[in-house]
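Right, I'll just put the structure down here and ask away after.
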Amino acid sequence: MNAILQATGLVQQYTTAKSLFGKPGTVRAVDGVDLTVNPGEVVGIVGESGSGKSTLGRMLLGLEAPFSGRVSYLGRPMPAPRSAEWRRLRAQMQLIFQDPLAALDRRLTVAAQIAEPLDIHRIASGAERQERVAALIHRVGLRPDQARRYPHELSGGQRQRVVIARALASQPRFLVCDEPVSALDVSIQAQVVNLLRDLQEREGLSMVFISHDLKVVRNICDRVAVMYLGRIVEEAPSDRIFADPRHPYTQALVSSVPKAGAGLRGRIILQGEPPNPAARPAGCAFHPRCRIADAACAAKVPALERHDGRLAACLKLQSNQRTAA
Amino acid sequence: MPRFLLTKFARAMLTILLVMSFAFIVLRLSGDPAQVLLGPDAPQDAVDAFRARWGLNDPLWQQYLAYLRQLAAFDFGVSMRDHSPALQLVMDRVPATLALTVPALMLKICIGIPAGVYAALHRESVADRGVIMLSIFGFTIPSFVLGLVLVLVFAVKLDWLPAGGQDGWHYAILPIATMSIGGIGILARFSRSAMIEVLGQPYIRTAMAKGLPWRDVVWKHALPNAAVPIVTLVGFMVGALIAGAVVVESIFSWPGIGRLIVVSVANRDLAVVQCILLVIAASMVMANLLVDFAYGALDPRLRGAAPGR
Amino acid sequence: MLISRRNTLGLFGAAAGSLILPRRLMAQGSRRSITIAVQKITNNNTLDIWNEQSNVGERVFFPNLWEGLILRDWMGNQGPVPGLATEWSRLNDKTIELKLRQGVRFHNGDELTAEDVVFSFSDERLFAGTAPAGGKTLYAENFKPQNAKELPASIPGVARRLWPALRGVEAVDKYTVRFHNATPDVTLEGRLYAFGSQIANKRAWDEAATYADWAAKPVTTGPYRVEEFRPDVSLTLVAFDDYWGGRPPLERIRFVEVPEVASRVNGLLSGEYDFACDLPPDQIAAITAQPGLEVQSSTIWNHRVTTFNKENDILADPLVRRAMSHSIDRKAIVDALWGGQTVIPAGLQFESFKTSDMFVEGWTVPEYDPELARDLLKQAGYKGDAIPYRLLNNYYTNQTPTAQVLVEMWKQVGLNVEIEMKENWGQIHDPEGIKGVRDWSASNLINDPITPMVVQFGPNGEAQQKRDYWNDEVNQLSVVMETSVDPAERKRAAARLLEITEREDPAYTVLHQNAVFTGMKSELNWKAAPAFAMDFRTGNWTV
Amino acid sequence: MTDITTVSAPRLIRRIRLRLPALVALAMLWLGAMVLVAILADWLRPYDITAMNLGDRLVPMGSPGHLLGTDELGRDVLSRLLQSIRVSLVIAFCATLISAVFGTTLGFLAAQFRGWVEHLVVALADFQAALPFMIMSLAVLAFFGSSMWLLVCLMGFYGWERYARIARGLAISASAQGYAAEVVQLGASPSRVYLRHILPNVASTLIVSMTLTFPEIILMESGLSFLGLGVQPPQSSLGNMVGFGREYLTRAPWIMLAPSFVIVLTTLSISLLGDWLRDRLDPTIR
Amino acid sequence: MSFVLIRDLKVAFDGVQVLHGIDLEIAPGEAVGLVGESGCGKSVTWLAALGLLPGKAQVRGSVMIEGRELIGAPRAQVEAVRGARIAMIFQDPSSSLNPVHRVGRQICESLRLHRGLRGAAARSQAIALMDMVGIPSAATRIDLYPHEFSGGQCQRLLIAMALAGKPDLLVADEPTTALDATIQAQILDLLSNLRRQTGMAMVFISHDLGAVSAVCDRAAVMYAGRIVEQNDIGRLFDAPRHPYTRGLFDAIPDLDAGRARLHPVPGTVPDPRKLPRGCAFSARCAAASGLCQDHQPELRPQRQGGLLACFHPAQEPAARRQEMLA
């Protein structure tokens, strides 16, 4: 199977703002990530804030050029951001992100927003354009009369539908969803998740689904990569990774998901702070918070290796089989 | 020296250099000071001698370089009118201007901010509306109209205060009042909105939730935060004060740099005009630096970083 | 009374009272001190007569501070009266000898001697090595300064304008001096009491560190000496009790600079000032309406004129210029803008010319005749093209209103004159662009038609230098005026000059005589001179 | 583009109609009247602005034929006032527009290109902040001589740095996250992003800024006129009338008071309107 | 006897009613969850009770703390309750701390206020509190500013500040929503530990059913300004009876289940300005009848225990839930 998108050795680093007395430092937000997305596949990326998952998503879309490494789309290298070729390619790949109110231009009607990609890529105009907009509106489950509304007149879920409709307008083949439902209320979240699933299945889209909400990821993704401090620490088919997490971080993450009625028993409470890319620990980045880390973990950076039907990066993999509850 | 101080200093120097270049170019491009200084009846000999003396016949870039060299040696030139050193001429006037601007600024701060805070704490009340209306009136009246009306009322009709001149502290009352009234209005309005904004912040709710008396919430939690934008405005006001001094000093015959610049500009006394612009630019840059440091003192998040512009 | 009102106002308590009281109380005891509000004290920030050749300079210099060998009769016909010289006589048409008054003291105690006179006309003080016209400088070695001072660049030029051919001053003995001219000159005496020819103390010049120091406090023989000079702020003169003319009547004269008219008037109304100068005529009513105040008005020896630029295509035709002259209703201007307080002179002449019998009787300005003006324009074939009018903002009293009135009057006869506001004289004279008409004034300095006619419109006058005007016959007549010693020939020349410059080939047109208005407290027994100068000597002040 | 204009315009009006306080309504009424006066000045004024009658000088208010009296040259104050309103409004309007366009453009350029462009804009803004505008105008006008053209251009620099700062800040935040980034991501060209998306969105903030600048420019022009550097005779402006009329404050106060009154009311109205607009247009307040 | 007794609490903003009469009791030491989607009024209830709403809010009804009325009481009396009896922490920890004051000063302020501690005593107590909430090396970090702490630590600091007054009740308003998953777990753990140690009562406001179930004894579900169901955690999760409660449970994807389609609640939350006449949930409710559209069901005690406001409650316990709890 030919991958629709392939990323190898992606690194992104930023220069931090000058501190009071020191020299400007550099922060590696993403530090050597390989990822493949196959046609029709939904890949989940989970991790806490600062793990670099959003940055990775933006690089996969070509929105920012990687510091090093390569992204190729359909076998061709990603063109430089803002170039004409890059702009043309936008029709084929789209981003849906967390806050639909911020993503929408609050001065344009729903219809105008959805028509935007059609105008930009000169896909349709006039009556055809109106038709297509109406069809998109219908497809994402909005009422036709809502076409003339403004974003702030819609509820959060409806707005996210508008964003999705706009993303689909140019009939893309690849979609990155960055926390698409985090800002939504529980009852609406399910509506949007269902919509995304239906669309993905019907259109055969390839999708990268970024979220910190494991339950949603579990529900929508075929394959999941767990990121910690800019690296993938575990990657596996979704069924496998949640049922049987191997990396201690994944284990903690999975156990920390509050389960209705389950109380706090059996949860792995990680000590310490969420990862800070500006102060990366030596060796395995996770070792200061890891229950099973030893001196070796502080010395050696574990490689992402194939292990029992998954990829994982932990020196203690063998001794760590299903120790989590 | 810490890096950020160096950066700030370099920026300040660049700004001053820009101002000086601007002054030089505007002043030199706009014609011949000889004609102005020597008057309409000056014979050609005198004009020629004057031009030669002040190097006005050299190419512009040569004059510019010579000027920069002078500046680098802290030589600000001498007045074309009476040969006295320009810097001294300007510095002689600075105290008089400070005697107006500093109290005016104090008044603005001491009246404007409390009035604005009071209005913010009593929103929609009669006092609030009163503060807003008065403040808008305060800054919509041109200062020269205000000045002349004040003179008419307090000097001519009531004969309480002198109409102009500088012979004692009571001579300063009307000019200071004229200068500060508009600023009080602006500051009151701005403090009010800054305060209202801060009062809506979550940490105010936290302070209230922990049972802090309302007075302490306002003084210890809201005010220090509202101070950041207010300080910015106060920084801008320094410029407004200098500009205001031009008009107010003319109305009240107050011998400060505002009048000196009007007179020097009218007489094309290049060295003096350049020197005044330099002094003003330097004090504005200083004021901005002070504001920057005040940010740091007021808001730990802004320490070391340039405040958001 | 104002004083008691201030005292009863407890608002400022004792501090305010003590600040105000002393100056006022002094008036009770010995001599009175006065405060005079003026628009401008000096233009150039110095008290040097040669650097500050302006109307405002005249007011603070004469006759209270600077005195010449010959004095002008400020309160009289402006003619010569003995001053620091008691008598003078012509040795020939190029040389004049003067006897100095003995026992005259400078403010620093020095006695006036020939040496000071020589110094006052020396290279170092005035001419800076510029050569006299038609001769060589004499006695260059007479004055050697102890420390060189840089003379403002403009002074030699100004000095050479008044003394174009002065070769030098000879000290015959301690109390006798001779002025040597390179060319014959009938106006040498006149030049001696003109603005500039006043005497300064030599020692004070030697002792001053810089020119600026000296010029801020010149040492002279006048009845008052400089106590304090704060440029653009105030000038305080204090009585010089060793004055040769006797003890001055005032303790102190304080000129304060109050640029705003309204502020000067308000200060006078509130009792702040004893005098308020530079009043526009429209303020007179406001002051006279208040009991205890009055306004002294006096015409001065200066005429407001409008000059034409002959380089202008339209104005090149004298018919247009004549039309412009005839379309001005000067009486309306005088009545409306000057409250009838000034006069329309007999062309560019002054009453004082009568003292030297140079007044051309029967001559008048071009009469107001719109019909004639329209007719002249028709003859000239004027098509209504715009004539630019470069205008300064109230350099002269009522200048802007007058200009607007003129434009409106010209419009009435079909002339299209457009005002262009300018900031300074440089812009008025800027050779770039098209010039048309502009404002000017003409002063009588020496009671002879040479001033202003020849000086301003002759071959070396500014009008011709700036290429506003040229006329061969005017230039020939100017030579006659300057060099002839035959009064009849000179008078004929003067009459002919008037004919050409006002009627045949107009260079200018006279609008009216200028006047000054000084508001003052009526209780003060003082009269204004027909000049800017304010006389505070014994003769003009009775307690 | 038709969508925006046809659809959002009525919405704005609807929004404005909601809860229009009496004071703001009055302010709008006054401003409307001023605009009408500016447009119709030629028809409204009873006399030509230079028409003078030296016999009828300083006629007080309410005299027959001269509702607001006459000035020192016997010209009708009402006629001159009407013309002055036009001139002042035109100057303030043009200058506000220039300054808004100039500042916004620079702000957008800084936001789009960052790097040295941004440094340059910031340096220019620093320069502007270091030289009080009044002082700068004083120097430029006094040295070059005041003409209407120069005056408008100069005034056009007033407050540009405020727009630049706002435009830059909003554009950067819009690009960093949110709708602008979204549109870029859709493949839109920078011109489309700035003109169709960012500009309409920051417009309300800019408009509020303009309501701040507008009265300030009126005041600035009148201040310069006071110093004799503003609008020059025979043309007249509100500030110029006040400036020349101040000498007649005691004798003929109407010459100065009528234009002062108009200045105060107009700036007051615009300020009120600006305050109200800010509350109305700011989505964070609603 | 209950510690806090809320009766018929109503709040309106600019004439728009957002709370429609809330009745709630909190017993000493009890942990009560308040569940609902954004805008349902769960935070407003407690902000109103403590007088923390802006002036334009109109509050009616009664909030009694140990029998003393808070609504309409003088400001000083309410201030004496805040922090000392009832402490409250908020959703966004980073902006809930005053950015210009050092964290130590902010904690000491509470200590001075409620325990009269000053100077060194207050400082050492503040360090102890910071230790207690799990801030590492508290003694050195007490002089830092809030922006120098991460979000989770800010929440810990807020909790420390709340504990300074030794309150009888801690109202935690979405304390974990803004935090990362692993940190959420830490804070939940901290809260339940603290409650065990101090014996204080707690109101836990959240939209996260999992979090509520983790730390509470009892929970009330709110919808559009009303409590629609209230019960013990066990029973509520076991057998949710209000269709809305059920809908909420069903909408949440299950980590352990497969990739089945989710079961969302159809429609959206109604606009508080345009509430339906009857039951606010009727428009989204599958079981709704004409009665529901016209009449407002009251919150009544149920035979099985708990309170419910529904004309057509679900009868059967949800089998799926039981399975999950196993």
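Letters A, B, C, D and E mark the chains in the order given here, with residues in each chain numbered from 1 onward.
Please note the rule applied: a residue touches a chain if its C-beta (ideal position, glycine included) is under 8 Å from a C-beta of that chain, and two chains touch if they have at least 3 such contacts.
Which chain is which protein? Per UniProt: A, E = Peptide/nickel transport system ATP-binding protein; B, D = Peptide/nickel transport system permease protein; C = Peptide/nickel transport system substrate-binding protein.
Note that the coordinates shown come from a computational prediction; the quantities given were computed from them, not determined experimentally.
Asks: What is the shortest path, in steps, from chain C to chain D when you may only step between chains that touch?
Replies: Each step joins two touching chains, and the minimum needed here is 1.
Asks: Once you count every C-beta pair in contact for both, which comes out on top, B-E or B-C?
Replies: When B-C is set beside B-E, the one with more contacts is B-C.
Asks: What whole-number Å value describes the gap between the mean CA coordinates of chain A and chain B?
Replies: 53
Asks: CA centre of chain B versus CA centre of chain C: separation in Å?
Replies: Chain B and chain C have C-alpha centres separated by 39 Å.
Asks: At what distance in angstrom does the C-alpha mean of chain D lie from that of chain B?
Replies: The mean C-alpha positions of chain B and chain D differ by 22 Å.
Asks: Can you pull out the residues of chain B that are in contact with at least two other chains?
Replies: 31, 148, 152, 156, 250, 266, 268
Asks: Quick check: what residues of chain C touch more than one other chain, meaning two or more?
Replies: If we look for residues of chain C contacting two or more partner chains, we find 260, 262, 423, 427.
Asks: What residues on chain B touch chain D, complex-wise?
Replies: Within the complex, chain B contacts chain D at residues 11, 14-16, 18-19, 22-23, 26-27, 30-31, 132, 136-137, 140-145, 148, 152, 156, 236, 239-240, 242-244, 246-247, 250, 261-262, 265-266, 268, 273, 277, 280-281, 284-285, 288, 308-309.
Asks: Help me check something: in the complex, which residues belonging to chain B touch chain C?
Replies: It comes out as residues 31-47, 49-50, 52-54, 79, 81-84, 89, 148, 151-152, 155-156, 159-160, 162-170, 250-253, 255, 259-260, 263, 266-268.
Asks: Mind listing the chain D positions that touch chain C in their complex?
Replies: Residues of chain D touching chain C: 50-52, 54-55, 57-58, 72-74, 141-146, 228-229, 232-234, 244, 246-251.
Asks: Show me the residue ranges of chain C that touch chain B in the complex, using the header's touch definition.
Replies: 2, 5-6, 9, 11-12, 15-16, 19-20, 37, 43-46, 51, 53-54, 130, 150, 152-158, 160-161, 210-212, 215-216, 230-234, 256-260, 262-263, 266-267, 269-272, 423-430, 440, 456, 460, 462, 465
Asks: Across the complex, what residues on chain D touch chain B?
Replies: By the definition above, chain D touches chain B via 122-127, 129-136, 138-140, 142-144, 165, 169, 215, 219, 222-223, 226-227, 239, 242-243, 246, 249-250, 256, 260, 263-264, 267-268, 271-272, 275.
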